[in-house]
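Next come the structures, one after another.
Consider the two complexes below, in which chain A is the common component and chain B and chain C are the respective partners.
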Partner chain A sequence: MNASARHDAVVIGAGHNGLVCAAYLAKAGRRVLVLEAGESVGGCAVSGEIHPGYTVSTCAHILHLLHPGVIADLRLKRHGLALSAPDLATLALLPDGEHLLLSSEVQATRDSISRFSRRDAERLPGFRARLERFAGALRPFLMATPPRLANGTWRDRWTLIRLGIAIRRLGRTDMRELLRIVGICSADLVEDVFESDVLKGVLAFDSVLGSFLGPRSPSSAFNLLYRAAGESDGRRGALSHPKGGMGAVTAALAAAAKSFGVEVRTAAPVAKVAIEDTVATGVVLESGEEIAARTVVSNADPRRTFLDLVGPDQLDTDFVRRVRHIRMDGATAKVNLALDGLPDLGGSGPHMANARLLIAPGVDYIEHAFDDAKYGAFSAEPAMEITIPSLHDPSLVPEGGHVMSIMVQFAPYRLRDGGWAAHREAFGDHVLKTLAAYMPDLSGRILARQVVTPDDLERDFRVSGGHWHHGELILNQLFMLRPVPRFAQYRTPIDNLYLCGAGAHPGGGIMGAAGRNAAREIMRDWSR
Partner chain B sequence: MSEAITSDFLMKTPFHARTAPLCLSGKWGRWAGYSSVDCFYSVTEEYFAVRTAASLFDMSPMIKYRVTGRDAARFVNRLITRDIGACPPGHGLYVCWCDGDGKLIEDGTVFRLAENDFQINTAEHNFCWFEDTALGLDVTIADVSEEFAALALQGPLSRLVLERLGLTGIEAMPYFGLAWFTLDEAPLLVSRTGFTGDLGYELWIEPGRAEMLWDRLMAAGKDYRLTPIGAAALEMVRIEAGLIEIGFDYIGAEAALRESRKRSPYELGLGWLVDLKKSYFVGKRALAEEKRRGGPRWRLVGLEIEGNKPAIESFIYRGRTEVGHVTSAMWSPTLKKNIAIAVLEAPYATPKADLWAEIWHPRELEIRKINAPCRVVRRPFYDPPRRKA
Partner chain C sequence: MKRYDAIVIGAGHNGLTAAAYLARAGKSVVVLERRPVIGGAAVSEELYPGFTYSSCSYVSSLMRPEIMRGLDLPRYGLQIIPYEGILTILPDGDYLASYSDPDLTRRENLRHSKRDAEAFGRFSLEVLRQCRFIKPMLLMTPPDPTSFKLDDIRGLIWMGRKFADLSERQMYDVMRFWTMSCADFLDEYFESEAVKGQLAGSSIIGTALGPRSPGSAYILLHHYMGEVDGDIGAWGYARGGMGAISRALAGAAQAHDCEIRTEAEVSQIIVKGGKAVGVALADGEEVYGTAIVSNLDPKRTFLKLMPLEHLDDTFIDQVRNFKIRGSSGKLNIALDGWPEFIAKPPIPAPLYSSIQIHRTLDDLERAYDDWKNGMWSRHPYLDIVIPSGLDPTMAPPGKHYMSVFVQYVPPKLKDGPWDDAKRSAFADTVIDTLAEICPNIRDLILHMQVRSPWDLENEVGLTEGNIFQGELTLDQLMFNRPFPGYAQYRGPLRRLYMCGSCTHPGGGVMGAPGANAAREILKDFKRRILR
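After this line comes the complex of A and B, so read on.
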């Protein structure tokens, strides 16, 4: 242990998880320094100006997972966290101008689905309720440290027992159903229950959003559970817009962290974790500056942390193999637009104000989009999630203007035929061309366009592979297996080096769980 | 199997044309995809050639890797548990390498041909492990197994054979030294290494000149009773020498299916190969931890057993408790002793322990059970000063 160090902990990266972790450690009275490579804090949770006066969430745009405990513990509301739209509906657009509206208004939702299928309208509430029961059983484990299997302590065993009890307490029928669906593909899950393409498309879209999976890929159903386990300001499963864009969330986090005494330095890329005889003793910045610390915490993804910042010289071959084999090729891209006015949405226009829009008209549509990506091309007809946050947050735009934030599935990290540099703008054009079928006047309204591909995410946000979750959220990379088996407790093979980012349990999304869990484990070790 | 196995199912070593006519017993074995002579005519005669004269063993099937590049030394040091810094160019080192749990993958020899040029000799294929261990380093790893024919020339008279062959300066070569010669215009690498525990050398030459080397050696060794030997005789001398063999005394960590079958260097008596003071190497963390906890559960030891019935695959008991088992065993004709290599639970791995071996001995198709007292002794069982002199 590095007793002479001025810092109890140095956190590499000021993504939301790094900030959460730092804030918790500082709140407990520790001296914490956060080093962020970028010009500003936030990682993938940032807002950016894409045209003078037009601000939009650069990557993540919908807040639906941020843990209520984190909000309360860190007093984020006092530090500026506010929602401009607390409960977004989902408006699925169809090329013929038709639409489906799903919201927390039960009757309206039922009516909307009935236009496609009465059976589906009747079955959705039961389906959602069951998903919510499953999510309820799993929710506490988002905030738990995964157990170790071999050499476990009573605490590890207790976590496993609790998981067993939680699942068993669902009752026989639900338990069977949970065990049945947890590894299957979402297409099977929704096709078992529903008949209308449009509703199945919506559910299938949410099951693959952020992942490099199609609705017919094994394990895709799990993502629905993960999303359902999320809460937005106490509302389970609700989708919200933070006021000021996603950057405002991390700005609030940074303010909270600073209020507890955390020091944050931006434009301070870390080159190496300093290691003496298998123990981390601090970090070395790219500038050459050395900073000693008792503990080093990495918010960077596992591959970057281990292969670049630690380096294979300090690691075992089998461990390095496992790290290299983490599936973490991203397939989600973002297109952000500054608009001189609202596009015409035809009949569905009136509902747009409080909704996210989906272009996902069926399971097959999404699976076809995935097929392209599977073989290294971006989707000929991509599936999309679109938000227009300026509709309820005038602070983002000048009078009359709007910003549109488009999440695009799929845009594979490993693009064949020349890579992203050669195809980035063509991809942007292609997205707009697909959208033209739904919003014919859109292209005439564009003042500026920003395209963020997985390649850009890797370069500008330092996420290896540009993956939303810093590593695919699939069964073999979850819980005790995340990021790699035997190191799922935020600890690493290097003593005094911890992980606190999305690559650790429970995964990505603006949730704060990994950061908070890591802080708990670090303090546990400190008090030993 | 639908296709007939043809006679060239196994590969032939570069010495095959010389060894095959001499293999009167017809006893061949398989070794890394090659036909390898198990015994030419008499195991006993071949054994005594190693211990009293000079022997020639075709070790061409040995797997050989060449490691070159700016970071070659760094790679080797990341791989092995010993410090390669202690091995200057022109020398070899007996080494082992482990997985991340500190369990032995294999033991073998490393030749440092030049500062950043190495040859690693192994019994098993290690290419993937080596490549993966080299991540981020500027090294080239090549399997050069087929680029060298190799002979082990071992026994008290082996030096004289090489002198007679005309390799001037051979007498000055140190134990584990390397030296380059030219024989009939072919480059010849000689290493003072071996698997017999005796004075001996290993000779490495391009396959096209293998028969020339064989012929020249046999001619030079005529007056020294130079005798070709097979794997069976070699097995005897390596047990006497107390050397361990993968697949017999331990299972490589990459090959073992059961976690409990993997062994650390400390368990195999190879603790002297582990340098915890050098920079990080694969398995260091686990090995340091094992050492900190007072060492492993198992210990590999030498045993001397009463009687003359080899304790092959015997269980070892203390009182009525089973405390280990034999991995290699033989009657040693030179020592006139019944010896074995065994794995024992650590508390019993001491000369003070009161142990006995349960030996199942076949006698004209009838199996007899013998309970033979035994005790832990120092390895190597047989270690003449000439080995290193």
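After this line comes the complex of A and C, so read on.
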């Protein structure tokens, strides 16, 4: 292969992290090529037309983690990033038509909870404030390269010391509580404090969304901290809708990257990373074309990167074994609907439909939904997060129409009795049947339906196991253990090959942190 | 009236251990036990003529050798009879045995999976490494990471050094082991369901977690701790049943003039001037002492024996939120003869520490789901031992005592409280399961004692029937056990101490909490905090 590579870096995959990484590298004056297997950029952050004129975020649908540093550094607003709803309220629906409203309006939230429990209404602000303090201590480490515990540099030691200081600075009481709850299950966390099922259900739901964990699985409470550490356009913990759907976010990222000189090629699937003597020298496309590069950066998940693109023969067996055992079976599915009008939300009324709607009426409800998934069945009574983005963003639909985006827990990757091919539509029907109890006229309004299962995510979006976070966010797969121990610094056993996706620290969600951190480490190595 | 240096509430094995250490140091000690027998959950009882039941705890694998030696327990009659490993009986009459001889175990694993036989070496080494890392911490007082006291900083540095001595790889493996699920851990090594199922049993005993719950890998380790002492005498059956351990501990304590009073139920801890000064017994008698040491779980100690006005609200919340979940039941059975199992391993069944019916990880997880839903497992995990196979003192000649430990059993059933009808239905489930691997079991039963967690709570005094006095999850281990800020055996009031399994390092007939508590109390005597 050509020794004087034309590209400083070639990035495999134009998911949001790949684009972020490429943009940072290009911004530093490097020549970067991004290769995307699909027809368009975006990975799991895309918008798609499910019915003529009806556009919806195909996979990820709520923006709540995109790092403000990334937005500012890459000037994403100038490149078209805009929010159609900056701070979504949460409306938990109950089968009897009752509902609970949680929003940034303190009094309204308080009143709503008080209808279920006065005590809970009093306790929620304190609970949130404490989570926020914990999140505040941990937030800076989202943007840090996980340290090595031994054989590290002064920088690694400094990160560890900073982490120690951040936790100690919480003060004795908070520090003790943080050390206690970090590995606890979310059910314990919320049941210790609250008494009303509906509030506990909302919090428990947020702790398992996107993961293959139930609220009674230890480690699930951590996901609440992870969410709390998120920021949306500077608003901490806020949930927002991007204008134009999630595809608009990656479109802005792609535009920003291009403005720095990044070249993006779509429909260019990579077959192999070219390796000579454990050094990556470029990539080989499925078409046979060879592209040389000084550095190869993979936005693909670790399993795909190492087992498919690199190949086990290039790696030592222990490393391969660890990669094979990364827990990354997805359990979240999406159902997207094109509607001819707004569905009736029963007692909660149409004026509240612009919130994030949750079907998660209690901890046990979610746990039971999880239990089904453990044995390879989709939940008999699934928990759901529903948005109707067209209420905020009329550009998504023709006059009068609406799109509904439904995230469903749980739909396990390994579905028994024939797999997803046999049960995909049955699953879609099942979700609608469950929803009918909350929105009786929904089925009559459906113009088109799209079902995205973990199987589809794996096939169409090339995410192994169809896991939204490229690997479960559990304690034994976080920070310096992500994706596998000793390789959490975006570097890999193959020289000049880096990871920049959600499989690396700090994990999934449309955050851009992994891409930015990887770019920093790559440039550090270049400057050596 | 006599005033004691220390009053120990409860003559469980940890209370007795603490008492023995205190008495040996020259303190005047009284142990007050509610029941007519000492030992708490480590008891031998003759509930049917001629048969000795280890009616609660049933094997001694965790008792610290340091304590055995330190208190010279063999001198007071403790004799440990070593046994072989585990025998898992598969539904088709095949079996998977593990032996104390690693070569035999390897050959046995080879029959089931060549890959697993190879992996077993790696697995054992890994578990051994983890145990070696944790073992020295069992007999230490957990340092408080939020404290700036010299002792705590010293303790943290010591732990840090231990950690730094590991290779980088091992460091990460320690972090993973403490947080991951047993199923994930086993999947990394093994493919055979028989092998995985056999090993997973250790990760669920006494625990309200399924094998797929993160954190369950640590429980596995907790149960392996006793098996790596190398000293074969350190694990096996206590001759004469588990009560022999308690009797030896009591003997060691009494040799140093410790008083042990049975049928002396403590009804309240007497608090004066913000200090615990004594206890009131149910019959009205008051006993005063310098240090009040509770061997009970924190819910009992603080919510039942203390007037709540002496505790602040945050502390009461901590006690209330302490996770103590009953999940185990037990059958004690007197048998008219040797039960014939459908499998015939080369080393005969009486020699095993445990005989199990084969369960896959999914089976165990489903058994756990039943518990979550408020019913006993329909296909429970059984850990069967027949101590009379090795110890002739347990049953008359030709007859046998069988202990069947059952996981999972809830303390509260969703369809109402435990009663005789439910107990008998529960026993039927267990016997039906047992009959799958031991067809003649029904014909042999002379007598049977059925214990649900509810019974355990009411008889032995373990809240919810939790055999560890509190879940062994990350949030309740080390400096978090029983709650953050109170992990150094000292209670919320001056002169009040805790010495039960609810404190570090936790449950099992280990004696470590009692020994650690005694050390801290003696330290306070020396520093003249106690006088």
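Operating definition for what follows: the second predicted complex is superposed on the first by the 521 of 528 C-alpha atoms of A that agree within 3 Å, B and C clash if a C-alpha of one lies under 4 Å from a C-alpha of the other, contacts with A are read in each partner's own complex, and residues count from 1 in each chain.
Following the convention adopted for this analysis, a contact is a pair of C-beta atoms (placed from the backbone, for glycine too) under 8 Å apart; a residue touches a chain by one contact, two chains touch by 3 or more.
All of these numbers come straight from a predicted model, not from anything done at the bench.
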Touched partner set for A:153, first chain B, second chain C, both or neither: neither
Chain B versus chain C as contact partner of A:184, first or second or both or neither: second
Which superposed partner A:493 touches (first chain B, second chain C, both, neither): first
First (chain B), second (chain C), both or neither touched by A:307: first
Touching partner for A:278 - first (chain B), second (chain C), both, neither: first
Most chain A residues touched (candidates chain B, chain C): C
Contacts of A:321 with chain B and chain C, given as first, second, both or neither: both
Touching partner for A:176 - first (chain B), second (chain C), both, neither: second
Touching both chain B and chain C, residues of chain A: 321
Touching residues (chain side chain C, partner chain A) in the complex: 145-146, 164, 167-169, 171-173, 175-176, 179-180, 184, 187-188, 209, 212-215, 317, 321, 323, 362, 365-366, 369, 372, 473-475, 479-480, 483-485
Interface residues, chain B side, partner chain A - complex: 74, 78, 99-101, 129, 132-133, 135-137, 279-280, 282-286, 288
Contacting residues of chain A [partner chain B, same complex]: 277-278, 307, 311-321, 324, 493
Residues of chain A that touch chain C when the two form their complex: 148-151, 168, 172, 175-177, 179-185, 188, 192, 213, 216-219, 321-322, 325, 327, 367, 371, 374-375, 474-476, 480-481, 485-486
